[in-house]
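When the chains are written out, they are named A, B and C in that same order, and each has its own residue count from 1.
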Amino acid sequence: MVVADSNVRTLSDPESTWHQRFHSSPMKIEVNDLTIRYGDTTILSGVNLNIRKNEIFGIIGPANSGKTSLLKALNRMDEFTPGMKVTGDIRVNGLDIRHVKNVYGLRRSIGVVFPLPVGLPLTVFENVALAPRLGGMNNRAELNIIVERCLRRAALWDEVKDRLNSLGSLLSGGQQQRLTIARALSQEPDLLMLDEFSIAVDPVTTMRIEDILKELRKEMTIILVTNLVQQARRLADRTAFFLNGECVEIGVTECLFTGQVQDQRTQDYLSGRFG
Amino acid sequence: MHHFATTGINQRNSRTQELFRLLFMMMTVLLVLPVLIIMVTLIYKGGAIVTLDFLLSNPLDGMTAGGIFPALFGTIGLVTVALLVSVPIGVAAAIYLSEYASDTWLTRLINLAIINLAGVPSIVHALFGVGAFVIFFRFGTSILAASCTLAVMTLPVVIVATRESLQSVPMAFREACWNMGATRWQTIRRIVLPNAISGILTGVILEVSRTAGETAPIMFTGAVFFTPFLPQSVFDQTMALSLHLFVLSTQVPGVSEALPYGVALVLISIVLLMNSASIGFRMYLRGQKKW
Amino acid sequence: MDAVEVHRHSFQRNRDWYIDQFVQHLVFLAGISAIVLIIGIFFFITKEGMAFLFGDVSMSEVFGSMFWEPSDEDAPDYGILALIAGTASVSGLAMIVAIPFSLGAAIFIAEFSSGTTREWLKVLIELLAAIPSVVWGFIGLSILNPLIIDLFDVPVGLNVLNAGLILGLMAAPIMTSIAEDALKAVPDRYREAAEAMGATRWQITFRVVLPAAKNGLLGAVLLGVGRGFGETMAVLMATGHSVNIPGSVFDSVRALTATIAAELGETARGSEHYGALFAIGIFLFVITFVINLSADLIVRGVKES
């Protein structure tokens, strides 16, 4: 297996743009015996799961079940989070992420969308151009292409194309959330992690974003943490059910929703008996 | 009966309350009044001689008359060099404390050191300046030695103001940036600093106002009452407004009465203008909404 | 061409990674500068004062004698008792003036005023704190001096009273703003609870807010004391600068700080007198260090509880 470390930027087609120059390489993720603690509190204990390439992997479960912490661990954000301690191993395309020498490279290959939208205090254009710029891209023409493409894919282009120079942090909540998605896409991620993205978005936009996600899975692996079980049903190939820091069950989404569950708690949650 | 009694107590209470309010107000007024009295007196007695010519011409008759240009020039020079030393170090220190340091014993020690550095008497800073910069580092009594002493003294001002404005940038922005694969430094340079820069500037203006008025730290490290020439380099001695005022009002006989008032007025105007600018800028920034 | 597999992302260290590491180390150096400087200050003033500390003059003489006559060629005296008395009397009077006024002003600003009034008062207090000490000294010299002579019919107006008033005005703004912070730090629910019980504003202030803020207020007073001890120029200009154990507020005195400021320029490096001035510096450094440290511990105790 060729790990992403073998990056050699030798292709130099003058006609090509940034995103065409490199192959996408959707991530495959293996998580073994993952335990996450904050101080003395255990947030997640002994989680095992595999996420396949180009899969939309749904994670459902009530609040405080450790879903967000799992995403943080995948991104190695624990290093920047005071008190957070991760044990167990996480492999990305076979590579243990603790052995990644440049954690920033790992994070650049993973796009994250938070529950609450964060429009950076930059212009709309610079919000989306930030990730390419961080990667060393400064060619205005190519940036224009990337920004437009990402904003289009995030279903935001039509609304902001006339005010690309206004502050991204002053857009409406729903627009900021799509801006966040556009920003994540501008990273050209191999894995996209969405954490309850629809909380701050209206239903119409939610549906549009869901359509986009179905398109995106051709290029990347997607982890979809959601509080809406129906959203997981609409999108996810397989779904994991988390409860109180434990991964209760993982199954093919359709099977879970048609009653083929192994654990009664999953059944209860899906049928709305708690949550 | 009962009803009336309560009313009586309430009336007494409200009268007491009014009395206390007046008392505290009087105290506040008495505290603030001196600034106004001082300003009025200085303007009344020294205002007449403060002209552009006074600011831009040399002293005459053994310093007892004429203008204050060399002192004004020296103060500006001292402040500039002090800023060149303290702002980079102070801003970097604040970046470390706000963006990199976690809550360890070392961080607590640094914070303690900053507080104590701010509390060291100015004359002790002067002794340090003599021992360290003049003698040990062989700067001699020079602008460089005096400015370094001033820089050490005002470093806490820069650090504290910068740290506060860095911390006013919401954490969520940093997290969003880190999640995109930005290094800590990239995050600081592209998101945190641009949004904190005006707050930092406020702190720097405040520092200018503190630095310009200091006397004790520069007395033995680089400022002198009289030099025949303007300083040519940072290794020369210089005149300074604050020292000028001190010597004029204590040691020089036959000074015209208006002269020290004029110098004091210029000095206090520089300091208060800078300070007001800093406050005004801070208020303006508070009104700006970027998120 | 096609055979080369190229990924979009590399996990290898790159230029940005190294820059980040470099910056991290650089700002760390700046970060510990405050510690280095505190140690440096102590080191360098001790270095210069060392010869005196371990020289011919015994410490019991320094702290036991009230004669400070370092220029006496035959038998110089290095007693700092009178200088300590000078500093203490001026700082003491300054605190008597500043404490009630700054606490009163802090209470007025924090509890009895609001909106624009509050903002403007805070601005004025801040400006008051910004006036340079040499200007305060000049005011003592040229405004307060004749005023005291006229009012109290005394021959000299440069004395404990003059310097105490000046120093009180200088220390008050700092004390006011820290005390105001301490009062503001008292949670509103305390006030609301008392209000619900029918207490009036001043009752709330005296029975609830002041007791709750007492550590912060003590910290404010301590910082004021620290400032008073360390103040140099104003004290130099307004005390009259004569070595004296004051019998009344109309006596001239001389302060520790002022002595250094007045005499350092006239001494030769390495002389006994020079060393004595640095030794006073060490004494001042240690005292203000202790005062500031305790003020900080007390104030921080408030924030943590």
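Operating definition for what follows: a residue touches a chain if its C-beta (ideal position, glycine included) is under 8 Å from a C-beta of that chain, and two chains touch if they have at least 3 such contacts.
Values in this document were obtained by computation on a predicted structure and should not be read as measured data.
*Asks:* When all chain pairs are ranked by how many C-beta pairs they have in contact, which pair ranks first?
*Replies:* Per chain pair, the contact count peaks at B-C.
*Asks:* Which chain has its C-alpha centre farthest away from the C-alpha centre of chain C?
*Replies:* Farthest from chain C by mean C-alpha position: A.
*Asks:* Where the CA atoms of chain A average out and where those of chain C average out, how many Å apart are those spots?
*Replies:* 54
*Asks:* Give, as an integer number of Å, the spacing between the C-alpha centres of chain B and chain A.
*Replies:* Using C-alpha averages as centres, the distance is 48 Å.
*Asks:* Measure off the straight-line distance from the CA centroid of chain B to the CA centroid of chain C, and report it in whole Å.
*Replies:* Measuring from centre to centre gives 15 Å for this pair.
*Asks:* Please list all residues of chain C that touch 2 or more other chains.
*Replies:* Counting only residues that touch two or more other chains, chain C contributes 16-17, 20.
*Asks:* For chain B, write out the residues touching at least two other chains, lowest number first.
*Replies:* 183, 186
*Asks:* Which positions in chain A touch two or more other chains at once?
*Replies:* Only 104-106, 108-109, 134 qualify.
*Asks:* What residues on chain A touch chain B, complex-wise?
*Replies:* Within the complex, chain A touches chain B at residues 75, 77, 80, 82, 104-112, 114, 116, 118-122, 130-131, 133-134, 167, 169-170, 180, 183-184, 187.
*Asks:* Inside the complex, what are the residues of chain C that reach chain B?
*Replies:* Checking each residue of chain C against chain B gives 16-17, 19-20, 23-24, 26-35, 37-38, 40-41, 44-45, 47-48, 100-102, 104-105, 107-109, 112, 119, 121, 123-128, 130-135, 137-139, 141-143, 169, 172-173, 176, 200-203, 205, 223, 226-227, 229-233, 237, 257, 260-261, 264-265, 269, 277-278, 281, 284-285, 288-289, 291-293, 296.
*Asks:* Show which residues of chain A lie in contact with chain C when the two form their complex.
*Replies:* 2-11, 21-25, 95, 100-102, 104-106, 108-109, 134, 188, 190
*Asks:* Under the touch definition given earlier, write down the residues of chain B that touch chain A in their complex.
*Replies:* Those residues of chain B that touch chain A are 102-103, 172-173, 175-183, 186, 190-191, 194-195, 289-291.
*Asks:* Inside the complex, what are the residues of chain C that reach chain A?
*Replies:* 1, 4-14, 16-17, 20
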